[in-house]
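For reference, the structures are reproduced in the following blocks.
The following pair of complexes shares a single chain, subunit A, combined with subunit B in the former and subunit C in the latter.
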Partner chain A sequence: MNATANASITKTQLFFLIVKTQIGIGLLSLPSDIQHSAKGDSWLSVLLAGAVIQLLLLIYWRLLKKFQGANLSQIIVSLLGRYAGKALNLIYYVFFILIAAYASTLYVQLIRTWMLALTPGWMLFLLIIGTSLYLACDNLRVIARFFVLASMLFIVLVLISFLTFSHETHLAYVLPLGQSGISPILEGSERTFFSMLGFEVSLYFVAQVQGERSGGIGVMSLSNVFVTIFYTYFVFICQIGLSPGALTQVNEPVLYILKGLSYQLFDRIDLIFLTIWIIPMTATLVCYLAIAGKSLTVKQPSYRKLVVFSAITVFACGWILSAQENLDVFSKWLEYSYLIMIAAVPLLLLLTSFLVKPNKKVEAT
Partner chain B sequence: MILRKIATVMNGLLIGLTLSACWDSQLLTNKKIVNGISFDAGKDSQLEGSVRTIVLESKGGGQFDVKDEFKKAAGASSTIVASKIDNMLPGTVEISKTHIIIIGEELAKKGILAPLEPIFRSPKGFLEAHLLISKGKASEILGFKRIENNPIAFGIKQILEGAHRGTLVMDPTLYSVWSGVYDPGSDLVLPLIRKATNSSLAIDGIALMQGSRYSGVSVSGEESTILLLMRGTLGKIATLNFPAEHGVISFQVRKLIRKMSLTIDKGTSAIECTVKVELFGSIVSDSGELGSVIDKAQLGKKLSASANAQAAGVIRQMQQADCDALGIGRLLSVQQPGLWKKMNWENEYKDITIKPDFHIHIRSTGLLN
Partner chain C sequence: MFNVKRKSHMPKQAAIPAVQLKPTDLEQQIVQIQQYMSHTEDLKVQKLSLHGHLYAVMHIEALAMLETIQTNVIEPLVTANEGHLGQVLHSAEAKQSSNLVHIGQYLLDGYCLIIKEHEAAAMLLPAAQVHGRSIQEPKDEQVVKGSHDGFIEGINTNLYLLRNRLKNPDLTVKYFRLGSLTNTRVAMVFMAHIADPKLVAECEKRLNAIDLEYLNSVGNLDEMLEEHPLSPFPQTLKTERPDRAASYLLEGKIALMVDGTPSVLILPITFFSFYQSPDDYNSRWITGSFFRVIRLISFILAICLPAIYIATVSYHSEVLPIGILYSVKVSLTYVPLPPILEAFVMQTILELLKEAAIRLPAPIAQTIGIVGGLVIGTAVVEAKLVSHTMIVVIGLTAIASFVTPINEFGTSLRILGFPMMLAAACFGFFGIAIILMLIFIHLCKLETLGIPYFAPFGPFHGKENFKDVFLRLPLWMTNKSSQSPSYGLVKQTLFGRWKRP
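Now for the complex of A and B:
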């Protein structure tokens, strides 16, 4: 049983696992979010956020290299001991569930605004979480295979985005470079950072990569480069396609610039795009359910039970969240405390690992 | 055991998928499809709206006769007008296929965004709708009798497309208008529709906008072509007519290269913009001098001078209307960001110097020389 739970994945599969988790709902509203602070230099903010993530990935890599073949939850236990380690893993678990619930709430809100205005929220939650659960229950190799297959759709998405060049575009909206100064760009990067979350799954998945481990950082960096370029590109086409004043007023500019397109054969490209986009959004949920499971258990049967339990919790949390009038306070709180969990804690763990002699390899907890 | 589990999940999904369509299914038979909307300023700052809806009449044998209906209502906002009209018509009003939106002159002078805002906001709004400004009341244009037996909105759309091909007007959609209104460095130019005679409509002019408001100044006919060429817009072709000693020379533009350059006087910081327009095309008629051979280079120069004179007139009108249709502000914001941030472009624009520099290259003289 243990063998299937820790089924190995290839480096290509790892690449798509990370990419698919990172690219999700955040991108759709990102261009207008950053526009508020970074103005014409929004796309620079995205590049900067990518660079910051790269630094984090280096920390992750140092940590993972020190404990070869172990994922974050095992590393924590071997560093902090059984009880403290388990407690920390439980905190991680709670955060993954909350992030998944928050993402699915945004997801449902988006679908209700753009597509299915009258469909009740619980139905959408059920469909989305049900589908994610179905995939997340399986072992990582199966998940990864699906992700690789589904990433063909990125090509379609990029092709669709080329259509927006048939609008009047003005490079002048992003010129001159660096017009808004350093601190607004940094502020924009901060927003971007939160919409690029998902790279932390590498802490759990790298351990299962087969063959030589040395290439791990290469794959992680490559996926980060890919996601950064992908995000920069979409932010950029929104910036040159919509005037700055209009861009700040639209909630989901990536969809809005597609909404203005119409052809004799087909219409409402935004809905076609959104329909395809549902797959990366669901993939994000699948990954969070999977790492939530991995953070507390290694054995496949208990992993399955835990994933089912997590999915039910996500459903409940999502439903509660969607009933709230204003999510701003919650999302701010969640984002910053999550930042501590994925940036500060791994760094501290790395520092501790220099001081403490790790316990003997801790097997299944 | 596993198979059974899978089967249960699949069943659940199947039921879910089929159910989910129940809430948002919309039957075509319950809809009233609107293909044209007009907005006017009414009394006491009310909004007058009218719509054209499509009625399909079965002629039997699977054939349909397309007719349209005209309805009018007034209210404080376009949403109120829409619900009033909805109550007059069987079926729900559906705006997702509205191709034509006309705004009356008086309302446009107050601002075009307010009546359009619900369309931008709605996920169903059709952003590819064509926007026009009407001379006089918009409802009179939309309430016009049929054009060639077609529903009026389709007729207007076709006239508009023709005028755009001939570089008489821009063809702005709601999307480009939405983006353009918020562009600080340029202003919109919208097509102007008018009643030509009692039995025909014409689109042959351009309304100069100041931000989201119609300035009240418009250019028409050849002047609008000159304006669009200076703006760098060429439909399929553009025809310019020049008076000659005997008769008229017509030049058809096939290719356009436009370059704008700014010079700023260091002392007075006076801004001068040169708009270089190179036109390539052919002479399509020279009614005056039949039988004479055309000297291409010399005639080109003569026509260029004449175009420059006409362009100067257009520029005067643009500056009078405070409409930066050429996007000089945008260029300035890129080349002189420091200056751009300091100045109030709306005030300064009137005082800058804009120099037209037309070069007409005659490539052919048709079948005759």
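Now for the complex of A and C:
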């Protein structure tokens, strides 16, 4: 298992890597979040957010194409030089860790609300982060293998969601189109954008795709289209399945619409849905641990150590975060500063790359 | 990847100083050989005096066949005129050596040794007697349709069985001697142009690195070769079926045979191989695919079913609608044990029954069946020690684990069931999801000889490779296997079959 730090992945694997990172905990509460602002046009907000992400992906692609075979951390080092580059990479690392910690906090909260009300939080953290660590410390090819396998579950999830059509559905809830006007829709897509985070992993993973690079943007766009449609679909079924009033009341509408379903063999489809949903949620953590590792190191042995260290940090941060009364302030701060990191910084890097002649020798940090 | 104790390995024979047979007096020569063979009494010596020369014919009584010695050695010696030993004695595989180590080796292989006084070079003629079991169908890999032959303990017969199936010049055999005390013959068999040369080289390297005192079975070999000793999954496949072994060879895998064991070790192996059976290919594809699907369902059932039951009754009883919930909970009412203990107890009883019945002669094993079925099954429930549902669940799990065509794999599944049950008892559905995830991550991480264990899922090779995984699609739709990338996968369709009208 030596020298496999840069083990190559196929394009199909890249697709599933991005998709699995993006689809995670955010979706479950998304419909009610957007409902507050965009009302009946929530699903339009999702589509809009997908379009914005597509623009960002184009920027990423330009940047990645300019530096073939290098991931973001290598690009930064070659553009900004050794010390400034390393400093920026460290900031990225901190953000990835914080995002992972935040996601795991939400994850644990969700599990405690829906499944295990009495289990101590640290226990759940330990299980979740331990599982993610077990996968994340291996090379990307292994991670990709698992993600492709786990993606089969999306089929099951979509099949389960079809059951909701046996409820009363009211298409009138989303009509007329554009009822809430432009600015609420924009506000809604801002919320959506944050729950669709995860596409930034492509900055690190595209470099390891084997074969010709030209198809990279195609895969990235395809995964974005898939995720956008997946999100839109779930937001849409929540909108037509729950009344606007109820939608603002419940925390996790996606689970809530499944809760009422009852069949002869089993009740509470939401629990089964959530059990399966645990896997995409963990996958998101795995990806953040992996890119946190990749942001600071290239070699496999040091990567492994770093991932172990990151996992411990995420555990500690998550525990501290879960002890907070109110996460709103923190999450607002985190989300907006993260937005700068994944939108503004790559754009600036792209602009810099036009001005600066890049240092040809990409330093292996 | 693989812990090799000695970096550069020397062949075992070279390590022992070569002792030469001295061209002296016949008596002294005999004594020299007897000394080397530790003065064993079954080393028979017969002295002959012919044409003024003294000869000694030696063989180990138990290993050599007297008739062969009589016709091939004594008679030519007596009837022939004077001449060099090599001119008088003819036989396929005749050897000449003056090295005591070699002489000893051949004597132990059943050769007959002829020495002439004042000559260092001794003649060795094959005269071994072979007592093999007749070729029978292996007990633990029976099929309904298909060939009913099986490997036996002799390596030559086993190679005969393979050669007989694959009449192909590509079939290559390499011999090894492993075990410094047992000197067991090991054969490595592969198809030269189908198996990946890197794979063959790596396997050879590992075999050469093995430093064991005694090699008893392929199981020992397996332990010395496998990369992940902590994994619950077997990483090599042991089979006693020649048709199975032959088909793996055609897929580019390597078969290892050990003299004295009827099993053949196949490596590298993938997860899905454990769910294939020759039966699938000998019946129509719809039937074959149906059984394949049933088996894969059994995989999930065998590891999850008791866990799901435990999680449901102890955490998420709301998952069951009121009708089922009532009958499940009622049977639980008077049971004093918590579900997890109930499951552990029943699972242990099941393993006990299985272990007890497996080695007993058939008439006594029937008693075990009655004790197990009636006493444990019925009485335990009537005594309200275990609930009805639990009996059903454990019974189903056991049957599901016995469905796997390779018994060893089923046992791994039952072992995996225990952590699963524990997790379910501690964390409900969440625990099940986490453990399942760990199992599948582990499957994705495993690699044997550089081949992903979970292929074709591992590296997604496109839909072509899935034609023989979940389903067994008709032969004319699947591909010819070939490992070399330049050759690619060749479709067997169109010309391989009469054209449908």
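Everything that follows uses one rule, which is that the second predicted complex is superposed on the first by the 361 of 365 C-alpha atoms of A that agree within 3 Å, B and C clash if a C-alpha of one lies under 4 Å from a C-alpha of the other, contacts with A are read in each partner's own complex, and residues count from 1 in each chain.
FYI, a contact is a pair of C-beta atoms (placed from the backbone, for glycine too) under 8 Å apart; a residue touches a chain by one contact, two chains touch by 3 or more.
On a predicted model such as this, the values are computed, not experimentally measured, just so you know.
Novice: With both complexes superposed on chain A, which partner does A:Leu127 reach: first (subunit B), second (subunit C), both or neither?
Specialist: both
Novice: Quick one: is A:Ile111 in contact with subunit B, with subunit C, with both, or with neither? Answer first, second, both or neither.
Specialist: A:Ile111 contacts subunit C only, not subunit B.
Novice: Counting only touches as set out at the top, which of subunit B and subunit C does A:Thr10 meet: first, second, both, neither?
Specialist: Only subunit C is touched by A:Thr10; subunit B is not.
Novice: Just to be sure I read the superposition right, which of the two partners does A:Ile91 touch: subunit B = first, subunit C = second, or both, or neither?
Specialist: Touch status of A:Ile91: no partner.
Novice: A:Thr275 in the overlay: touching subunit B, subunit C, both, or neither? Say first, second, both or neither.
Specialist: Touch status of A:Thr275: second partner only.
Novice: Once the structures are superposed on A, label A:Leu265 by its partner contacts, choosing first (subunit B), second (subunit C), both or neither.
Specialist: second
Novice: After lining up the shared chain so the two structures overlap, which partner does A:Val142 touch, if you call subunit B first and subunit C second: first, second, both or neither?
Specialist: After superposing on A, A:Val142 lies in contact with subunit C but is clear of subunit B.
Novice: So, does A:His170 touch the first partner subunit B, the second partner subunit C, both, or neither?
Specialist: After superposing on A, A:His170 lies in contact with subunit B but is clear of subunit C.
Novice: In the overlaid three-chain picture, which partner chain does A:Gly245 touch, first (subunit B) or second (subunit C), both, or neither?
Specialist: first
Novice: List the residues of subunit A that touch subunit B in one complex and subunit C in the other.
Specialist: On subunit A, the overlap between the subunit B and subunit C contacts is residues 115-116, 119, 124, 127, 131, 134, 262, 267.
Novice: Using the touch rule from the top, collect the residues of subunit B that touch subunit A in their complex.
Specialist: For subunit B paired with subunit A, touching residues are 9, 12-13, 16-17, 19-20, 23-24, 123, 126-128, 173-176, 178-185, 327, 330-331, 333-334, 337.
Novice: Give the list of subunit A residues in touch with subunit C in this complex.
Specialist: Interface residues on the subunit A side: 1, 10, 12-13, 111, 115-116, 119, 124, 127-128, 131, 134-135, 138, 141-142, 145-146, 148-150, 262-268, 271-272, 274-276, 278-279, 282.
Novice: Touching residues of subunit C toward subunit A in the complex: what are they?
Specialist: Those residues of subunit C that touch subunit A are 1, 315-316, 318-321, 323-324, 427-434, 437-438, 440-442, 444-445, 452, 454, 457-460.
Novice: List the residues on subunit A that touch subunit B in their complex, please.
Specialist: 113-120, 123-124, 126-127, 130-131, 134, 167-168, 170, 172, 175-176, 179, 241-246, 249, 259-262, 267
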